[in-house]
Structure formats: C-alpha cells, structure tokens
Amino acid sequence: MVINRTEIEVRYKETDQMGIVHHSNYLAWFEIGRTKYIEQLLNTTYAEMERKGILLPVTDAYLSYKKPAKYGDIVYIETKLKQYKGIRLVFDYTVTSKSGEVLATGYTSHGFVDKALKPIRLRNVNETWHHELMKAVKG
Amino acid sequence: MVINRTEIEVRYKETDQMGIVHHSNYLAWFEIGRTKYIEQLLNTTYAEMERKGILLPVTDAYLSYKKPAKYGDIVYIETKLKQYKGIRLVFDYTVTSKSGEVLATGYTSHGFVDKALKPIRLRNVNETWHHELMKAVKG
Amino acid sequence: MVINRTEIEVRYKETDQMGIVHHSNYLAWFEIGRTKYIEQLLNTTYAEMERKGILLPVTDAYLSYKKPAKYGDIVYIETKLKQYKGIRLVFDYTVTSKSGEVLATGYTSHGFVDKALKPIRLRNVNETWHHELMKAVKG
Amino acid sequence: MVINRTEIEVRYKETDQMGIVHHSNYLAWFEIGRTKYIEQLLNTTYAEMERKGILLPVTDAYLSYKKPAKYGDIVYIETKLKQYKGIRLVFDYTVTSKSGEVLATGYTSHGFVDKALKPIRLRNVNETWHHELMKAVKG
C-alpha cells in the first residue's frame, strides 16, 4: 500500500490564543499530505494537474482531534488513498507527533472537475492516472 | 428552538486559486457561528467565558461542501445546538447564500476544559449556563 | 475627502498564542478597508472590477502596530486614498478600537494590472473610474 | 555576517483567486525566517524563548513585492539582523525563487516584552543572548 509521510514544522501563525494549533489548520495540512501523495503516486505535481485542467475540490471532510499540536512541534502527516472507483476519491490522514503519538485523524472526499468546476471522469482525460489510482486503492 | 443566524461577507483573503473560498475557512465560519450562538443563548461572550477559565476546544468536525462561496458573496451561518447532556456539546451548521441555497453543512463536537486544557464539567463551574444549554438542546 | 470606515469583529482564528491578533491579519483588514473604499467611491465592487479584468495587486505595504487587538474586540478600519496620478495608488489606513485608540496604521501601494498580471493604465480601460480616483485624491 | 536561509514550499492554502500567493502570507514567511535565524544564532528555539517569558512582537513591518510566488514553488527566505543596540531589533528579509530571482524584500522591527506584553531589556534577563545579538549585528 502506498503511504505518503510528510513532515511539517508547526508555524507560529498556526497557533491561537488557546496556545495550540487552531483546528482549521489541519485541513491545510491534510491538503499538503494529499498533494504529496499524488506527487509520489502519479509522478506529477498537483500544480501540474491543475495546469492540465484537472482540479480536485473537497466535497466532504471529517477531522478528529486527539491531542493538540503546539508551536515548534514537528508533526507527520500520513496520507493514503482509501477509496476510488472512477469518480469519488477518499483520502485518509493520520497526524502524529515526533514520538509517534496520534494527534489527529480524518478523511477528505473529492471529485475531479475541470477549470469551470464541472465534474469530469479522470479515465476520460488521463487513463494512466486513473489506473494508478485504481491500483493504489487495491494495494 | 434557538437558532443563531450570522451574516458573513466573503473576504478576498479567503479565496484560493480555484477562484472559490478555500474549504478550511468554513471551520472559522462555524466558529463565528457558535460563538454568536453562545452569545445569544448565554448572554455572555465566548471571550468572557475564556477569561473565566472555561474553554471549548473542538474534538471532532465534519463538513459537507455543496456549492462554492465566492469573493464578495454574503453568506449566512445558521447554528444550533444539537446535543448536550453535561459533557459533550455538538453544534450543527448550515451555510446558505443570499438566495437561500445551501452552500455547506456540518457539525463540530466540543468538550469543556480549563486553561490547562483539562476536562471540566460545566455544571460544577457554572450551573446557570449548564441549565441554559440543557434547555436549548431540548427546545 | 472620502474616508471609508468599516467595522470588523476580531475572530478567534485571528489570534495567536501571544493572546493577541497575529500581525499578518492587519493586511487582510487593510484589504477589506480598501475594497469597501472602492465600493463607496466608484459605486462598484472590487469583485466586479476583477470580473472586468482590472486587478489591483499590492506592490508595497507598511504597517505600524501601536496596541494589540484582542479576540472579540470591535475594531474600525479607516481607509483613504493618499496618492493617485494615473498609475500608482496608495491607500492609508488607521485601525482604531471602539474607544477611539489607534491600534495600527499603515499604507499599501498598488498598480492596476490585467488578468495576466500585466500593468495597465486605468484611464485606458475605464475613464470614469480614473476621474473619480483623481478627484478623491485631490479632495 | 550571520544569514539564515530557510526553504519553504508554497501551500495551496496560501494562494488567492489572482492565482498567486496572497500578500499577507509573506509576513508569516518572514516570521519563519526570523525564528530560524534565532535558532541558528542563539542555539535555542523561539518556542523555548517564549517559555522563558521572552516574547518578540512585531512593532513595524515593511514589504515590497517584486514578483509573485505561485503554488508549488520552492522559495527561500534569507534573514539577517540589521539593527540591535539593546532595545529594538530589526530583521531584513529577502525572498528568492529557486532560480535566484528576488520575489520580495522587507523588514520587521521588534521589541522584547514579557508575558504581560510589558517591555523588557534582554540584557537584564539573558545577557548571553544580548551579547550574541550585539555581535551578530556588528559582524
């Protein structure tokens, strides 16, 4: 199974007055995780994918916060592809601390769209990527 | 049933290169919605609640994106309290456009903690607020 | 002299672990101020301006922080046009508290560009707006 | 002369609908640059400094935007200490692209304060750090 593990150092800007990382930042971290996953799996970048007119907006997201991340912490985003049959993509995420503790988990669902945000079938625009994703979700 | 309806004007800073509001901003909007709900229900502010040592971090969040919000749009956040029995609070949110279309829905779960982020029972520190929340969830 | 005064309520998300509004948010507040100024002066929205292919990126910015804004505070952004002769626009900002204290001041410089980010002369694409800006800076 | 050079990969979240990095993010990048500079020079972290009750809020900031950074770009933040005589600290920043083009420059001014945000003299609370900063600004 393909798993991407990306390191992130918590930024001061990401904290709030509770003294911990504001919960909305985990969605930005998940985004970094899945773009790195795509880079690793498809041998392209998400930036390149968008230039080709293939966009991947979020349709659903779920987050579970276990332990707060703090400023200066090193955290790891582990991303894997949980579901893909041709239309809907679901990514699973686990955020862990340096010592291996789980800080947060979650998933995001996505559909491929073109630049006008109209749904497209990836198979019709890039069969290679479609097959790589199909393989990854089975593996 | 108590429902808070708060108006938000989409900021340029909230857009991304897809030309729509970045999905992470809805968590900040939900936050505005529930702090306004608390203000309306408990006749206090969330800022004042925190000064009294009662904090309400997010433990879970779910978001479903129906239609994108765009820069300059006026959107409405409708917030209601879905669950509360003394420990866990669940808020429900609906984001609608000016014309009444649903742009997004979601919920967030919370537990009360003190400044050291240790769980507390609201009943033990503020019985009035506890009762108001109990009433609101039944109503 | 045209002055726009826009009210903003500080968001929880805008705080950092120092317990105050993170300094980067003032640039987003200035942005709200100048788009409201444009709306007031030109009887259009900045969103509409962009749809017409007239964009106004920031080329320089200066900020001076006098007193911190805090979560829940109501602040006012006062914006005026300081300079415009046909090319470069400079806006001046003052952020004040409810009691009238100055929290921050600053300015931003801008040049008009088209969607490909190429410089344009406003006079050549919209003479009315050009004249309104010329009048505002003199007034 | 001590110069810190820190690499940043542009995040999708940092873009706006102009298709470029929103100008407010450079303040967060400068912040990363100066905390890395401090780490390199003082052999401590900014997080540790704050735990010791020494905070470094921004009092002034200036930014000049030369060329836009885009999603997926690798950029470098070069930070050096420009001024320090015991009270006021000024850091200088240059943001460059992978090919060495200057994307932005700027500076931030700071004063040391304690947790209550009251001004302090660094020399009185940590003489070693004071001397290291004095040396760095001369070097």
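The chains carry the letters A, B, C and D, assigned in the order they are written, with residues numbered from 1 in each.
One rule holds in what follows: a residue touches a chain if its C-beta (ideal position, glycine included) is under 8 Å from a C-beta of that chain, and two chains touch if they have at least 3 such contacts.
As the structure is a computational prediction, the values presented were derived from the model and not from experiment.
> B-C versus A-B: which interface comes out with more C-beta contact pairs?
A-B
> Which chain lies the greatest distance away from subunit D when centres are computed from Cα atoms alone?
Max centre-to-centre separation from subunit D belongs to B.
> Need the CA-centroid distance for the pair subunit A / subunit C, whole Å please.
34
> Using mean CA coordinates as chain centres, what's the gap between subunit A and subunit B in Å?
Their C-alpha centroids are separated by 25 Å.
> Just how far, in Å, is the C-alpha centre of subunit C from the one of subunit B?
So the centre of subunit B lies 29 Å away from the centre of subunit C.
> Going by the touch rule set out above, which residues of subunit D reach two or more other chains?
12-13, 17-18, 20, 24, 28, 31, 50, 71
> What residues of subunit B sit close enough to touch subunit A in their complex?
Residues of subunit B touching subunit A: 17-18, 20, 23-25, 27-28, 31, 50, 55, 57-65, 68, 117.
> If we count contacts the way the header does, which residues on subunit C are in touch with subunit B in the complex?
Result: residues 11-13, 28, 31-32, 35, 45-48, 50, 70-72 of subunit C touch subunit B.
> For subunit A, which residues are in contact with subunit C within the complex?
Residues of subunit A touching subunit C: 12-13, 15-20, 22, 24, 71.
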